[in-house]
Amino acid sequence: MSLSNPKSPIPVAILGATGTVGQRFIHLLDGHPWFRVVALTGSARRQGQRYGEAVHWLLSEPLPAWAAEMPLLPTEPGSLNGAALAFSALPSDIAREVEPQLAARGVWVCSNASAYRREPDVPILLPEINAGHTAVLRQQQAHRGWKGGIVTNSNCTSSGLSVVLKALDDAFGLESAFVVSMQAISGAGYPGVASLDIVGNVLPYIGGEEAKVEWEPRKILGAVAPEGIRLADFRISAHTNRVPVVNGHTVVASVALKRAPADPEEAIRALEAYQPPEAARGLPSTPRPVIVVRREPDRPQPRLDALTGGGMTTVVGRVRPDPIWDLKFVAVSHNTVRGAAGGAVYNAELLVAQGWV
Amino acid sequence: MSLSNPKSPIPVAILGATGTVGQRFIHLLDGHPWFRVVALTGSARRQGQRYGEAVHWLLSEPLPAWAAEMPLLPTEPGSLNGAALAFSALPSDIAREVEPQLAARGVWVCSNASAYRREPDVPILLPEINAGHTAVLRQQQAHRGWKGGIVTNSNCTSSGLSVVLKALDDAFGLESAFVVSMQAISGAGYPGVASLDIVGNVLPYIGGEEAKVEWEPRKILGAVAPEGIRLADFRISAHTNRVPVVNGHTVVASVALKRAPADPEEAIRALEAYQPPEAARGLPSTPRPVIVVRREPDRPQPRLDALTGGGMTTVVGRVRPDPIWDLKFVAVSHNTVRGAAGGAVYNAELLVAQGWV
Amino acid sequence: MSLSNPKSPIPVAILGATGTVGQRFIHLLDGHPWFRVVALTGSARRQGQRYGEAVHWLLSEPLPAWAAEMPLLPTEPGSLNGAALAFSALPSDIAREVEPQLAARGVWVCSNASAYRREPDVPILLPEINAGHTAVLRQQQAHRGWKGGIVTNSNCTSSGLSVVLKALDDAFGLESAFVVSMQAISGAGYPGVASLDIVGNVLPYIGGEEAKVEWEPRKILGAVAPEGIRLADFRISAHTNRVPVVNGHTVVASVALKRAPADPEEAIRALEAYQPPEAARGLPSTPRPVIVVRREPDRPQPRLDALTGGGMTTVVGRVRPDPIWDLKFVAVSHNTVRGAAGGAVYNAELLVAQGWV
Amino acid sequence: MSLSNPKSPIPVAILGATGTVGQRFIHLLDGHPWFRVVALTGSARRQGQRYGEAVHWLLSEPLPAWAAEMPLLPTEPGSLNGAALAFSALPSDIAREVEPQLAARGVWVCSNASAYRREPDVPILLPEINAGHTAVLRQQQAHRGWKGGIVTNSNCTSSGLSVVLKALDDAFGLESAFVVSMQAISGAGYPGVASLDIVGNVLPYIGGEEAKVEWEPRKILGAVAPEGIRLADFRISAHTNRVPVVNGHTVVASVALKRAPADPEEAIRALEAYQPPEAARGLPSTPRPVIVVRREPDRPQPRLDALTGGGMTTVVGRVRPDPIWDLKFVAVSHNTVRGAAGGAVYNAELLVAQGWV
C-alpha cells in the first residue's frame, strides 16, 4: 500500500520528552523509517536547555546525539515546529488541556496519557487488536470540530493482557478473568517508586491502576457503535502490585470462557495463530509475532522475555487448566515499549497507513 | 492449665538443623520457656563437625553460642539424646523414611516436611485454626502402632492464607478462592534460588507449590471424621510466584462467599475478631493477635509487616469488594516463622498442653 | 556512678521525627531506661496531625502506640514541652538555624545533622572513641553564651570506619587510609534514592559524602586543644557508593601504619581488645562489644551483620596484609543505629552520665 | 588488510557452551561476519541433547534458532567438526587438560579459563592494549611443539581496569593502584551466587579474585621478552566484592603516577585519546571507542553504561584528584562481553588478522 510508505519523513513532536516514556519515544524514533523528530517539549523550568542537559537519561541504550542537541520547547501548540503528529507522554492533567488544543489545529495526537481514554469517541488503540476502532475518529472530528484527533494507547498493564484476552475471546469467547499483575518500577516514571519502598519488597498497591485494568480491556475489545466504542461484556477482577523489576510487567490470570478448550494445547494453538487485522500488519512496529508461547515451565520471566520482538511481542506461558474456571496463564509484556511508547508509535503508523495523517 | 507449664524443660531435637528452616528453629528455640535442644542432626558429610562449623548461617539474628558448640549428629533414632520431641526440617524423601521410625519409638515429630501431609490420619496442624485435629492422633497411633506420632505444619504459603480463609469461612462461608502468591526466596532454602534467576526478576513458577496451596487449606479447615481428616468443600485456584524478597510471603486473593458481607468493614471486623480455639490460646507461640488488619492503602508489605507478632501474626490489608466475586484482600505471613519453624514449635506446644507429650 | 542512673526519666524531644532517622529515634527510645519522649516535631505542612498519621513508617519494627498518638509540633524552642535534651534529625539548613536557638535556652542538642560538625568547639562525639571531647563544651558555652550545647554524631559512614581506625591508631599508629564505601539506601532518607537509580545497579556517587569521610575521622580521633578540637594528622582518600542494601554500610579499607603488625592476628587482637574510655562504658547504648572480628572469609555482610550488638557494634572481617601498604579489612556498621540515631542516643547518655544534663 | 576479511567463514567451536559465558559466545557469534559455529560442547550428562534442550538460557537476548538445533557434543579433540578456532568457556580444571590437546592438533584456542594465564608463553591478550603480545606464540609453539596455540583473555574485572591503567600508564607512568570492585552476579556463572547471599546484600569476598586482579594487569601491560611476557612493575592492591547487579563490573580506583597530570582534564584527555595498537583496529569487535569518559557526577553506572559500544567499551567517570596519591576514577566494563566472551572473540579476530589462523 503506497500510504504505508510515506515518501518523505513525517515531522513529529514528543510532548513531555524528559520522562521515562518520553525517553523511550526518543529511543524508538531513533532511525524510524517514517518519522523525523522536529520538536521536544518539557516542563517550564527546563525550557531553553538542550535536551541532553535537561534529561536524567535512564535507559541502558545511549541517548542519541541528535536528541541531545535539540532545545527543550514549551508544550504549546505554537512550539511544535510544524509537526503533523505529536507523541504525548504528558502527565494526565496537562494532557487534558493541551491535547485537544493540538487536535483542534490539525495535529494527530498519539497519547500515552489516560486523560481521554474514557471518552467514547477516543479509541484506546492497539492496532493488532482493534485497528478498525479508528472509525470513531470521524465521530470525534465531527462532534468536537477538530481537524486532527486524539488516539490513546492503553495503560501499560492492560496492553499485553488485552492481546491475550483478544486471542482467547476470538477462539473461545471470554466471560471473566481474574488478573494479578507484578509490575516493573519503570512504569511509575522517575523518580517514581522510592527505593526504600521496593528493594527486597513488594508493594501491593498502585493508585488507580486496578480500575484501569478492569475497564480498559473491555473498551479495547469493544465494538464501534453510533455512540462511540461500545464495551465488550466480559468482567475482570484485578489486583495490581509493584515488584523490584526494571522493565516488563508480568500478569497471571485465570479465565472463564464460553467454550472450554479441549486441552491447553488448543488454547496454545489459538494464541500462536493469532494475527493482527489486515490494516495493522506489515507496519514498522507491528509485533512479529503478536504472541509467543513459551513451553518451559518457568517462563515467561520479565528479565528474560520483555524484549521479545523488540519489546512489542506479548510472551505467554504456563497455559494450563484452571481448577475453578477454564484456563490459567502467565503473560509478560514490555511496559514502556508495547505498553507505552512503542504502542503509541504503532498507533501513529496505523494512522499514516490509513491516510489520517 | 498445669499441663501448659511443664515444670522441667522438655528435651527436643532439631532434624536437618543446618538448612534455613533448621536455622530458624534454633533461633526460635533459643530461650524457649518449655523446650531445651539436646540434639542437632545433619547430613552425613558434615557429621562430627560442631554445628557452628557445619552451618552456613543466614539469619540476621546471631547464631546462639550454645548451638554453635553442639556436635552435628546423624539423623537416626538412636542419636537424639533422649529427645521427646523432634522438630523436622528434613528434605521430604528423608522425612518419609525417618519420621515414622521416630514415631514408632515414642518420639513426637513436629514436621515441616510435606512427606505425610496427605495422609488422612496425619493432621496439618495450625493450632489457631484446628487445634482439635489432634484427635486423629488416636487413629494414627492405633493404625500404625506408634507410641509417638507425627503432626505436620502446612506449606509456607498455605499457612497465612488458611488463617484468613478460616476467619472468612467462619463468618461468611467460603465457596471459592483465587489466590496468587509472591513468595520470598528464603522459602526455597539454601542455596535455593540462583541469584541470576531472581535479581530484578520474577519467577512465575515454583515446582509442586500450586497443588499444595490448592489442597492443604481444604484439609486444614476440614473436620475430624472416622476415616481421618475430611476435606472442606471449597475450591482454590492458585498461581505461585517467586519474587526478590528475603522473608515474607505475600498472597492476593479474591473469594466467593456463601453470604456476602454487607461491606468490607464487616469482613474486617470478622478478621479482627478471629480467636484461636480455646486449646490454642495462651501458649508461648500463640500469635498475638492471630490477624492484624491494616487500613493503609499500601499495606501489608513483606519487608515491613512479616515480623508482626514476632512473625506469627498474619497481616491483612486492602480488604475491598471484588467485581466478580465478593471480596479481595492481600495477606502477608512470615514464611520461615508462621509458615515453617514457628508453626512447628506452636504445634509442639499444643501437643504438650494437650498432654500428648 | 549515681549520675548514670537518673532517678526520674529525663524529658526529651525528637526534632524532625517523621524522617527515617527520626523513626529510628522513636524505635530506639521506646522503652529507654533514662529518657521519656515528650515532643515530636515535624515540617509545617504536617503540624497538628497525630504522628501516626503524619509519618510514612518504614521500619520493620512496628510504630510504638505512644508515638502514634503524639501530636506533631513545630520545630521551635517554645514547642518542646520542657525537654532537657533534643535529638535532632533535622535537615542541615534547618538545624543550622534552630539548634543554636535551643542551645541558647539551655537545651542539650544531640544532633545527627552535619551543620555544626566543622565547628572546632562542637565535638563530633563517638563516646567509645572520644568521650573526653565533651571538654570543649566549656569553650562552646563560654564563646557562644549558651546555657545548653550542641554535640553531633558523625556521618553514617564515618562512624564505623572511625571505630576501626581508632583501634588501629592506638595499637600501630595510623598514617593513611584508602576507604571505599558501599552504602545502604536508608542512609539517604525517604523518598531518597529513586528505585530506577538503584535496583540492579550501583551509584558511584553520593553528594558531599567523600569530603565528610575524608575529614570527620580526623576530628573524631583528634585532641582537645585550647582552640577547640585539633585534627589528627593521618590522611584518608574516600570513594563513596550507593548499593541496593536496606540497612548497613560496608567499608573496605587499606591502611598504612606507623608500625606494621607482625601479622593479621596481631591486628585482630588489637581490634578485639579495644575498649571504650572509662566514661563511655556501661551506658545503656554502649556497644557490647565495640568491635567484633569475624573469621569467616566472606564476612561481614550488611544483611547478616549490621544488627550485631543491637546495631551499635562495628563488625570487621577479612583482616589481611595489603600488598602496597600494611593492612586491608572490611567493616560493616548499622547506618541508622550506630551511624545516626543510636549514636546520638549514646551521646545523650554520656552527657547525662558526665553531669552536663 | 586482506587477512582481516576472510573470504569464507572460519569454522569455530564453543567449548562449555551451556554456561553463562558459553551463552554469551553464542549471542556474540550470531551473525558474526567471519566465524561460523560448527560445534557446541558440554558436560557429559547432557550430551546427545540438542543445545536448546540442554541449556538454561539466561540472556535477555533470545537463543538463536541455529544454536537451539545443534547437538551438544563431548569436549574432545575429535568432536569439533573441523573447527579451526575454539572458544573455551570451560571450567579451569577441564581447560587445563583439554586446551593443550586441541592446541597440539592445530586448533587455536581463545580461552576464557584462567588455567594458562600464568604461563609466561601464553599471552593474556587484550588487543586494544597488547596486540603485540601474540609474538610469544612463536615461543609457545616452539617450546610445546604445538601446531595451534592458546591465547587467554583476562579475568572479567582485570579487563576494564587494565584498559584504563594502560591509557594512564602511557600518558603518565603508573606506579601503584588501589582498586575496589563491585561485581555483577553474572560473573559467577549459573547457578553461581545464591540469592539468599546477595538480594539486599553485599558479599565482600570472591574466592581467588583479588590475586588475579593484582597480578593480571601487570602481565597485560607487560613486555614481550625472550623468556615470555615480562611483568610491568607497578603494584596493585585489590578488594573484590559482589553486588546485586546483573551485568557490568564497577571498579573504583586511586592511582599513583610517575608524573601527576596538571589537572583531571589532562587525564580525561589522555583517556579519551587512547587508541588501540594498529593491528587491533578495525576488527569486528574493536571497541568503538576503547574508552568513553562521562562528565556527569554520578556516572558510570553498570545498569546504564555496561552496554556502551556493544559492551566492548570501558566507561570511565568521576576522574578527580586523589588526596593521597594522584587520581581517582570509576570504571564500568561489561563482564561477560569485554570481560569474557567478547574479549575472546576479539582475540580470535586478531589471530585471524595477523595470519595465525
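Here the chain labels run A, B, C and D in written order, and each chain numbers its own residues starting at 1.
Keep in mind that, in the parts below, a residue touches a chain if its C-beta (ideal position, glycine included) is under 8 Å from a C-beta of that chain, and two chains touch if they have at least 3 such contacts.
Only a predicted model underlies this, so the values are computations on that prediction, with no experimental measurement involved.
Undergrad: Starting from the Cα centroid of chain C, hunt down the chain whose centroid lies farthest away.
TA: That would be chain A.
Undergrad: A-C versus B-C: which interface comes out with more C-beta contact pairs?
TA: A-C
Undergrad: Roughly how far is chain C from chain D, centre to centre by C-alpha average, rounded to an integer in Å?
TA: Computed value for the inter-centroid distance: 42 Å.
Undergrad: Starting from the mean Cα coordinates of chain A and chain C, work out the distance between those two points in Å.
TA: About 48 Å separates the centre of chain A from that of chain C.
Undergrad: Compute the distance, rounded to whole Å, between the mean C-alpha positions of chain B and chain C.
TA: Inter-chain centre distance comes to 39 Å.
Undergrad: Among the residues of chain D, pick out those that touch two or more other chains and give their numbers.
TA: Within chain D, residues 58, 197, 199-200, 244-246, 303-304 contact more than one other chain.
Undergrad: Looking at the complex, which residues from chain B come into contact with chain A?
TA: That would be residues 176, 178, 180, 182, 197, 200-205, 207, 214, 235-237, 239, 241, 243-246, 250, 252, 254, 297-304, 317-318, 322-325, 328, 330 of chain B.
Undergrad: State the interface residues of chain A toward chain C in the complex, per the touch definition above.
TA: On the chain A side, the touching residues are 20, 58, 185-186, 190-200, 244-246.
Undergrad: Mind pulling up the chain A residues that touch chain D in the complex?
TA: These residues of chain A touch chain D: 57-62, 199-200, 246, 303-308.
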